[in-house]
Each structure stands twice: as structure tokens, then as C-alpha cells.
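Shared chain: chain A. Partners: chain B in the first complex, chain C in the second.
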Partner chain A sequence: MKIRRFLTRRLTFIIPLLVGIVFFTFMLVRLGGQDPVEMLAGPTATQGQIDRIEQELGLDQPLLTQFGIYLMNVAQGDLGKSWISTRPVLDDILARLPVTLELLFLGIGLGALVGIPAGMRGAAHPNGWFDQIARAISLLGFSIPTYWLGLVLLFVFFYLLGWAPPGIGRISMMVIPPPTVTGSYLVDSIIAGDWEATRSALGHLVLPVVSIAIISAAPIIKQTRAIAVEIYSGDAVRYAKACGLPDRQVRKIVMRNATVPILTFVGTEITGLVGTASLIEFVFAWGGLGQYGLNAIVNGDFAAVQGYVLALALFSVVVFLVVDLLVVLLEPRNVDAT
Partner chain B sequence: MMRIRTVFLAATATLALAAATPALAETLIIAAPAVPEGFDGDALRPGTQNVVPQVYENLTRYGRKTDEDGREMLDPATIEGNLAESWTVSDDGKRYVFKLREGVMSPYGNELTADDVVWSWEKSFDQKRTGNFIANVSNVESVEKVSTYEVAFNLSAPSSIFLNALTLYVPGIYDTTEVKTHATADDPWALEWMQDHTAGFGAYTLDQVRPDEMAVFTANPNYFRDPPYFDRVLYREVPSAASRATLLLSGQVQWIDRPDIGQIVQLMDDERIKVMDAPGQAMMAAWMNPNFKPFDDKRVRQALNYAVDRQEIIDSVLRGYGDVAKSVVPLFVDGYDPSAFHYDYDPEKAKALLAEAGYPDGFEVELLYSDLWWWLEPFVIQLSGQLADVGVTAKPVRITGSDMRSRSAPAVRDMPFFTFESGPIVLDPGYTLYLLAHSKGVSNRGDYENAEFDALVEKAIATLDRDERLEYVKQAQAIWMDDAPWVVAAYPRTFEAMAPTISGWVFHPDNHERWYDLKSSK
Partner chain C sequence: MTLLAIDNLETDFVSRTLDDEIRVAHALNKVSFEVNRGEIVGLVGETGAGKSLTAQSVLGLLRAPARVVGGEAVFDGRDLLTLPPAEMNELRGYEIGLVVQNPRTSLDPLCRIGDQLVRMQRAHRPVNGRVARKKAVDMLAAVGIPEPERRMRAWPHELSGGMAQRVLMAMALINEPRLLIADEPTTGLDVTVQAAILDLLRQIVLERSMGALIITHDLGVVAHYCERVAVMFAGSIVEEGTVDAVFETPSHPYTRALLSATPERLKLGSGRQLGGPPPDLYNLPIGCHYRDRCERVRDICTTPPPATDLGEGHRVQCHFAKDLEGQPL
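And now, the complex of A and B:
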């Protein structure tokens, strides 16, 4: 009951939020300066042809009218057509979403797998040698630009050492991709029992996933450590230690208390790392939503950019919702406070 | 006994199988910024132009010649038949009848006929885009079928660039027998089908396209000339320029489209990559609009031309890879005439001319540029440095690419001093002069106007006699150089980067290699 009320309350905020996001994107993209009409018309177009193309694209109407039309279409599930690919934006996005999600979740999964224990260990023995190293690595992760990291990893592990496959997409060009079930080559090839494709997909995943993992691990280490340190100096731990509980038990208590804040933080991280994932996609020619969005922005493909931002916004909303739901399930006490 | 026989049979079978296995297809792998999202030359999308010339060939093509280094290049002065075998011209120059080659087949097994040519041109007329522009500029009024293999073009007036225009990839010639099966009442030109299919008579055909990933082209098995070296071309999307370079260096790809010029100069010394260059056709220049002071005074425009040390610009901006610009017509175009150029680097003369025009202390002006091409910014910086030496303060001001394009539109043209990368795709002097400097030229962004010049250019375009035409063109170039509407600097060379085993590249003015030319020496 409480959960249903909680959900309903949350959902009522989402619609105006999404409308607001779409509105801002819509206006920014049109006022931003990238003009697709010139590009579509070609270098030899006359003024008349340019006007005609503007009319075809609906760009000659007043901005608010354009927005109204767009909003109405979105409400019916029509995100418009990409001017570059002339396919419906919705189709384009749905086809690429699983590709990006695979990258994102594997990357952050790895980052959390490494980062959370590291942060916890560092907090258990603050300023010890492990803590120092973990903090230094975390600082490095914060400072390194994503794009550069991806290129450097490619250069070192593919070009110099030959260990990794070329950054030329999700699967080797000589391998036939598995039939589409989920959209992820890795999962689909396992489902199809195609071990060659599985190996190839896995191999191609390594570098991009590691790039994202390194970038995401940095804030996770730092935040986990901060959360854990605070818990260690808190009442629960003091009481546990006073009762004479062994270290392992104390760590378990800390873990239990830290779960909710860490979960919330990782949720935020996921949404924050979508931009990073886009750059990684760009470097490794991944062909996912991020690359699609970047291409759309550069080419002034308004409908595609709007669809892309809307998809990301929706994704963020869903992630936050799921995280909040999990928090509520883990700690029902918090519901009334929200 | 049985054992030996079994082994013997097995061995024989294996050998037979090996012998029967066909040779592996020769594959060329290209890394490019984007997979084309459309294959219709009249509906340009990013990447379309790179691949359309491989699939769609036209009635004529440029002849070839060998330069002094033994390299094969286009000969802009000769036009030979391609899909057309021969043609006749009426006495008044307004009607051409082309005899098509017989037995030219598309990958779908259909033969080229006059119907294909007529349909294709009508499509371009109807779409009113690039194809239509080419038709207008070469005075084509209508195209009609004369017989199965004969097609006639009716021109509104004689045009010296008509045959040149026919070498372009647009209006393309489609296998209409195949295309029409995909046309509908709403989509009579099958434009939707053309998003991801091709049907031409060229050397290659689109096999499949995976958006954001790659497009696969295979050689046209029915191509009317000798088969190309490469049976297959994988056109792979690799958005990051750095990644493309890495892939080329490591040998994963054999060709990169749109090499990042900043990298080219570094890569040139690398043995793992072959960089080839050719003279460019887009001039590096600063345009002065005579409708704005002080550029309304010819002496000021000439003064700025005397103030420029062109070799220094070539050395610093282009690292030496450029040629001094001595005419608005590019160097390798038939009819290029540098004799009218007399602006040697002479700052004293520049200052004298400025003083004579009433600006003894120079003047201040904004020099607009955009990020549309890589050398625009470094050029502007060098140029303003040199102009400062004669008292002209040219302040570099950067505007967006779309701003630059919209302000150069015929109805606007409000930029007094700016730079833009622009070059003719038709290798004809009349066409070039018209495009860039005729008062009605689409690319005459600086609004230059000279009635005498206009008249000469119009005569050149209408004259079919080569010597007469070259005379008009020479006079026109002289007038233009004297009027000096641009601060002319250099023609940057164009580059292609490929694996060292690749050879055969021939420069084409549309800046796209032809895969048909390429070979590998493995």
C-alpha cells in the first residue's frame, strides 16, 4: 500500500519533468546554430530550394507551434523522423538502446565490483597503505579524460601489444553477428550457441568496458569510502565494538548500513556516465545510442537529438525510480520521510 | 591395405576440394566518418557523395594521361564516352544525340537503354536539387528517347560545359527496370527504396548496409569494362579520426576517408602509411565584398594582394603542401592562365596604394571565418599578421558554419571581408568563372560584379570552339585579377591516406577516389 502511494506520488512528477526537458532541448537545438537545411539542400541549392526544404521539415512555422505539434506526436508515441536516416526516430533509438545499455551496465558493474570493496577496505583502515593507493587511483580516475583514456587503451593494448581486437565495433568484421533477440551481441550469441561470435563479442567488449569501469570506479571508491568512514565513526559501530564483536561482524554491519547510500550513489553515477559512454562509443565505433546522438547533434538532426535526449531523460527517471524502489524495499522506515 | 587406400582417397578428396575452392575475394576495407544514410545523388546525406560515384556512372568520363612522374591523372581537356559510345552535335550546338553502348548490364542483369537515361534525368528535374542545378548550368532543357540505344539532349543554348557535366555522378543513370519495381503511387521515383539500395551501371553495387556500422559493396559482375581488382569493399563507420588513423597504421584498414589533415602531415613520414597528394581546386583566399567600404576601391583590394607573402603562408599553414594561387581558375584546369597575376610580395607598394586610396594609416576591419574547413583558422591568423605590417588591422572573428553559409546566400551576402573554402567540381574554366565570380554565380559570395567579365564568361560558356573559348577565359581571368575581388593566397593540396600496398589512385575533382582504380600489391 505504502509502496503504491509512493510510486504514484513519484510518477506525477515525471510528466512535467519530461515535458520541461523536451522543451529545453527543443529550443536549444533550434536556436543552437546547427542548421540542417543547408546540409540537406547541398552546395548548389538556390534560395527557392532552401525555402522548400524548410517548409518540408516544418521549420518555417513559429517555434511554439512546432513544439506543440511535436509534443502531441510524442504523446502518441511518434518521435518524428530522422532527417539523415529518414527512419522513425523511435525505431532508431530502440534498435540502439540495448547496445548502449550493455556497455553502460557492464562498465559500471565492473567499476562497482572493484570500487565498492576498495572503498570499504580503505575505510576500514583509514590512511593505511591500501587506503592511500585506492585514493590515488581514484584521483587518477577523476582526472583522466574519457576520450583520451579510450584512445590510449586502444593504442597500448591493440596497437602496441596486439592483445585486444581493433576498435572497430562490437564484433569482428569476419564474424557473422548472431540473430537478434535482445540486441546485445554477447547475450544473443550465447543464446544462439555461437561460440565464435561470443568470443568475438567478448573480446571487443573488454576495452570499452574497462574504460568505463575505470572512469566510474573513481567516484565510487571515493564515495563508498566516505560513506563507510562515517558509519565507522557512528553509533552502530561504536556499540558493536563495545560489545566486543569481531571485525568481520563489524564489517557486515557497516555493509548493511552502507547499502542504501551506496545504492543511491551508484544510481546517480549510472545516469551521470551516459555522456562518458557516448564518448567511448565514439572512440570504439560502437554503433550504439551515444554515437547516434553525437552524430545527430553534429548534423543538426533535430528530431533525432530530441529523441536522444528524451530517451536519456526517461532512462535517468527509470533508474532513479528503481533505486528509490529498492531503497524503500530495503528500508521501509524511510518511506514516510520522502 | 584398406588403411592405405582410405588415406589415399581422403588425401585426393582433400586436394580436389582445395583446388575447387574459389580464390578468396579481394576485399578493400575503408574507415570513414559515417556510413552513408542514403544512396541517391540528388538527396545528399552525410557520406552519400563518397559512395555514389562508385555505383553510378554516367555517359561520359575524362580521359587519362600520365604526368612527368609517371603517375596517372585525369586529362580535363579530353572527354571520352563511358556509358555512351559516341555522340553527334547539331550545327547550332543545341542538340546532342548519344549512341549508348550496347550490352551494358547492371548487377540485376538489365541492359542499359535510352529509357533509363530519360527516366533518370526526369527524376533529377523533378527533385530540383543538385542534379537539376547541373542540368540548368549546362543549359539542358529536355531529354528524349530517339531509339532503344539513342537518346537526345536538347539545350536551350550551346554549352561548352555540357559534356563535362555528363562526367558527374549526378544526375545518375539508374537501372530503371529494377528501380521501377519498387516505385509506388506515392513514391514514383522509388526514393524510399534508394535509402538502402542501389541500381546503377557502375563498377560496384551495394550489397548490404547496416546503419552506423558498415556498408558492403560488391563488384558489379556484369560491368562493361574489365573487372576491378577489389571484389568487395567494406565501408566501415569509425567516427573518431584518431581511431581511423590507428586502424590504418595497424593495417586493419587499407584506406581512410576524410583523413584528418592535421594528422596527415605527421603521418607522411611514417612508412606504414602511404600519403598521396594532388593539386587542390579550392583556393585559400580572403574575399572582399565591393559593396562595403573600403573594399569598393580597387586600389585597396590590390594593395592587400601586394601585402601578402604567399610562400610564407604555404610554409606555415600548409607545411609546404600548396601552390601559389595565380588565378581563380585552379591550376590543372584546361584554360588556367597565370599570366595576369602580378602581385608579388611588396609591402611598400601596398602602403603606397593604400595612401593613394585615402588610407595612409591603414584601416580596421573584421575578418570572418568559420570551422567548416581545417585551414580557415590558421590562414586567417597568418593573413591578419601580414596585413598588420602594412597598417591594416584585420581582426579575426569566428562565426558558426551555418551562419557563414546563410550569410553567403544570394539574397544576403553581407560580409565585407571573410574566408570560405570553395572549389568547382566541374573541371571547366567557364564553369569555374561563372560559379565563383559571375554576378549570378551561386558561389559568388563576395558579390563581385563586372559587366565586361560577365559578358566574357557567358560567351565562353556558349562557345564550343576550344581556342575561342580559351581566349575569352583568358581575358576574363585578366579582368578578374586586375579587379582583385579576393586576396589570393594559395591552392592547398588534397591528400589521401592509404596502406602502402595500395596503388592506382587517380585524383578526381569531386575529391572522391574511384575504387575501380585501386589495386593492392600483396
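And now, the complex of A and C:
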């Protein structure tokens, strides 16, 4: 009952939020000073050709009329056509989204899998040897530029050691990709039972996933440690110790009490790391949504940029919704407040 | 029968200044007192006197930079101060129950009351789940919580301050400890709730012939609920004895000042406000620590005051204890 009320309230807010986002990206893209007509027509085009292209693209209409048309189309699920790929933007995005999500979730999943226990352990013995090492690694992760990390990993593990496949694409060119079900080669090849493709997809995932894991683990370690240290020094844990609860149980209490703040933090991390993942996609020629978006921005591909931003906004909204829903479920005190 | 005998307990704060100098504060100075079965001892003193620190030292709950540097605290033939952490953990919450002063923040916010009471039992002995729950319900009823069955499912944030304090008492008592330490158990509760909680505490302690140590700065609480009292000042026990002896013939200038500073006396005009800040623990006055604030200070006060025994366990640390005994406030 409470959950349903929470969901209704949250979902009704999403529509005006998305309209606002659509409006702002629409205007920003058009006020950005890029002229797609010029780019499409090329330097030798005549004025007549230019006018025709402008008319075809609808760019001769007043700005607000353009926006109205776009909004109507978006509401019907039509995000327009990419001027570069000439395919519907929605199809482009749907094909690339799983590719990016696979990379993002595996990367952050690995980062959290390492970062959360490391932060917790550090907080259990602040300034102990483990804590010192974990914090040093965290600082390192903060200071390394994303693209540089990807390049260094490629240099060492592909060029020098030859352990990793080259940073081109998501599967070896010698391997036939599995039939598309989800869009993720890893999942699809497992579904198809094609172990050669699975091995190749997994091999190609390692370096980009590790890059994102390192970048995301740094703040996760730091934040988890800060959250846990505060809980350790709080009344509840001091009282638990005074009650003679064994260390294992005290750690469990800390973990349980840290879950909600850590979850909230990782949620914001996921949305924030989409941008970082784009750079990693670039380095590894991943062909996901991030790379698509960057290309669209560089080439003034208006519809594609708008679609890309809208997709990211929708993604963030969904992530926050899921996180908040989990928080409501996990946190007895919030249930009444929603 | 003596339950807990604290003897010459000394606790220091050791810290390092920015200039890398090591500074030592003697937070507890040769603290000695006893808690016997079937009695409640009050530990009183102003903020910073070391009351809570005494309890934390005894229970092994000190956090850096505080550490015990001397003395012993014998409970059940064992010195708690040198007990290995695992054995100390066994005693805490099992043989020694603790009631703390922030009941609402001390309970685990993400665990139902009933589950916390069960967890408390299971932390120390393997207990059958149904037996443990039954005992938890009985304990909640015993500390005066209405509808205990239903309260078992309550979350800590759903309890009022008074209710939470009762739950904390149930937590402290559920393993039937022999000693109860209550650190400011009623601070922050309104007066009627406070009286109800303390009445209950006293009743349970006497019924089960436990011993209890109540830490408070409320002299009224001591007068009403304790058999004996120890008065602390700047980390030392300056006066100790039965409540009757200490309240009727207070013989340390600090105790006398405390007793004359009650609201009733101040209103009547016969009281005096307590003057002066607590002394700097890093720089205690040589001799008597109270001398900077004492109105009877003499030259002799630069030498350590002797422990004067006025009979029947009434001990006072003052050069003038005998002169002050029986003087009107």
C-alpha cells in the first residue's frame, strides 16, 4: 500500500521532469552554434542545395514550432532520424543501450564488490595497515584520468604482455557474434550456448570493465569508509559493544546500518559514471551509447544528441527510482514519511 | 557481599600536541569504591568529573586516547582491568548489565525491539528461539511496558523516550546480571517518568539482590534511591559513605557546596552557587585538586589531602574533614 503510494507520487513527477529535460536539450543543441546543414551539404554546396536540406530537416521553421513537432513525435515514441546514420535515433539507442549498460554495471559492480568491503574493513580498524593501503589506492583512483587509465591498461596488457585482446570492439573479429537477444554479447552468447563467443566477449570486457571498476571503486571506498566510521562511533554500535555482542554481530549491525547510505551513494555513482564510461568506450572503440552520444555531439547530429540526453535522463530517473524504492523497503523509518 | 571492588583505578588521556609533545591528563586518580549485593551506589559529581569514565574503564569500553594505567576492579574474583577482551565481552551484558543515557539512539534503529532482546540473549548463550522470545515478552512486562507482545514488533523510533529507557532496562536485565551499571539513566526524561523508572530500577535490584551503580549529577536521585554515595571531583573520589552519613554530615568542602546548591536552598537564600570551572586535567593543582575553588583553602592544601575515615565507611579526602564533620552548611 505504502509502496504503491510512493510509486504513484514518484511516477507523476517523472513526466514534467522529462518534458523539461527535452526542452533544455532541444534549445541547448540549437543554440550551440553548430550548423548541421553546412556539415551535411559540404563546402561545395550551392545555396539552393542548402535551402533544400534546411527544408528537409525542418530547420526553416520557427524554434518553438520545431520544439512542438519534436515533443509530439517523442510522445509517440519517435525520436527523429540521425542525420549521420540515417536510421531512427530510437533504433540506434536501443541497439547501443545494452552495450553500455553491460559495461557500466559490470564495472561498477566490480568496483562496489571491491570498494564496499575495503571501506568497511578500513573503518573497522581506522588508520590500521589495511585502511592506509585502501585509502592510498582510493586516492590513486581519484587522481588517474579516465582515458589515460584505459590507454595504460591497453599498453601493458595488450601491447607489452599480450594477455588482453586489442581495444577494438566487443568481440574478436574472427568470432561470429551470437544472435541478438539482449544486445549484450556476453549474455547473448551464453543464451546461444556459444562458448567461443562467450570467451571472446568476456576477454574483451576485462580491460574496460576493470578501468571503470578502478575509477568507481575510489569514491566507493572513501564514502563507505566515512559512512561506516560514523556508524562505528555512533551510540548504537557503542551500546552493542557494551552489551557484549560478539564482533561478528557488531560488524553485521554496522553493515546493515550502512546499507541505505551506501546504496544511495552507489546510485548517484552509477548515473555519474555514464560520462566516464563514454570515455572508456571511446578508448576501447566499444560502440555503445556513450560513444554514439559523443559522436553525435561532435557532428551536430541534433536528433541523436537529444535522444542520447533523453535516454541518459530516463536512465538516471530509473536508477534513482529503484534506489529510492530499495531504501523505502530497507529503512523502517522512511516508510511513514513517503 | 562485595560484588565489585574498584581499587586505586587510574585512567589517563594521552594525547600528542601539534608540536609532537606528549600530554598526559590524569582523568581518574586512585578511584576506589565498592558495590555490594542488594545495594545501590550513587556516583555523583559535576560534568567532566570522571563518572562515566569510571564506568567505561571498568567495563573495558574506553576509546583512545583514554586508557587505564593502574589499579584494579575485581568482580567475581577476576580483575576486569586485565581481563582478555573476549572474556570481558562475555561478562558485559551477561553478568554486568549496562543502562546508557541515550536510549533512543543506542538501540539498533534497524532491528525490532523483540529481535534485539533475543539477540542480547543469544550473544551470550545458545537459547531456543521461542524460549528467548517468551523471556523477552516477560521482561518487557516486568519493566512496565504495556502490551509487551505487540511492542516486541515495534521499531526503536516508534518508542517515546521513557519507553525506550524501559526497553533499555529490559535489555540490561534480560540475562539476569548480578551487577547493573546505569549511566545517567534518566537524563532527558521528565520528572514523573524519571521517578517511575528509578522506582522500577530499585525494586528490581532489591528483588533480585543484585548490586547497582547509578551515575548521576542529580543529588535528589541519590538521596531517594541509593544506599551509599561516592562524590567525584576532578577524577578523584572526595567523599564516600552511606547516603545518611554523607547527606547529614557532609565533610568535604565540595560535597558541602554541592548540597547547598540545590534549587530549594538557593530559592530560600541559604544556598550558594557553585563557583569556578573544573580544573584543567592536564595541569591539576598540586596537593588538593579542589583547592583553587575551595573557600577554606590554607597553606597545607598544597600537600595531598589524607583519606580521613570518619567511621562506618564514611571516608573524606580533606585536611579539614574532622573540623567540618557536623558543621551546619
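By definition in this document, the second predicted complex is superposed on the first by the 336 of 338 C-alpha atoms of A that agree within 3 Å, B and C clash if a C-alpha of one lies under 4 Å from a C-alpha of the other, contacts with A are read in each partner's own complex, and residues count from 1 in each chain.
Following the convention adopted for this analysis, a residue touches a chain if its C-beta (ideal position, glycine included) is under 8 Å from a C-beta of that chain, and two chains touch if they have at least 3 such contacts.
Predicted, not measured: the structure shown is a model, and the values here were computed from it.
Superposed on chain A, are chain B and chain C clashing or fitting side by side?
Superposition check on chain A shows chain B and chain C fit without a clash.
Considering only touches as defined above, state whether A:R333 meets chain B (first), chain C (second), both or neither.
A:R333 contacts chain C only, not chain B.
Should A:Q249 be classified as contacting the first partner (chain B), the second (chain C), both, or neither?
Touch partner of A:Q249: chain C, not chain B.
Which of the two, chain B or chain C, is in touch with more residues of chain A?
Greater contact footprint in residues on chain A: B.
Of the partners chain B and chain C, which touch A:N257 in the superposed model: first, second, both, neither?
Once the two structures are laid over each other on A, A:N257 reaches chain C alone.
For the overlay on chain A, what angle lies at chain A between chain B and chain C, C-alpha centres, nearest 10°?
For this superposed arrangement the angle is about 150 degrees.
Given the touch rule stated above, what does A:K241 touch, chain B (first), chain C (second), both, or neither?
Second partner only.
For the superposed model, what is the least distance in angstrom between any CA atom of chain B and any CA atom of chain C?
Minimum over all C-alpha pairs: 49 Å.
Can you tell me which positions in chain C touch chain A when the two form their complex?
59, 61, 89-94, 98, 100, 102, 105-111, 119-120, 123-124, 155, 157, 171
In the complex formed with chain B, which residues of chain A make contact?
Within the complex, chain A contacts chain B at residues 33-35, 38-47, 49-50, 52, 84-87, 92, 96, 151, 154-155, 158-159, 166-169, 173, 282-285, 287, 291-292, 294-295, 299-300.
Which residues of chain B touch chain A in their complex?
Residue list for chain B touching chain A: 29, 31, 34, 37-38, 43-46, 128-130, 133-134, 192, 195, 211-214, 234, 236-240, 242-243, 246-247, 249-250, 252-253, 400, 402-403, 405-406, 409-411, 442-443.
Note which residues of chain A are touching chain C in the complex, please.
So the residues of chain A in touch with chain C come to 234-236, 238-246, 249, 253, 256-257, 330-333.
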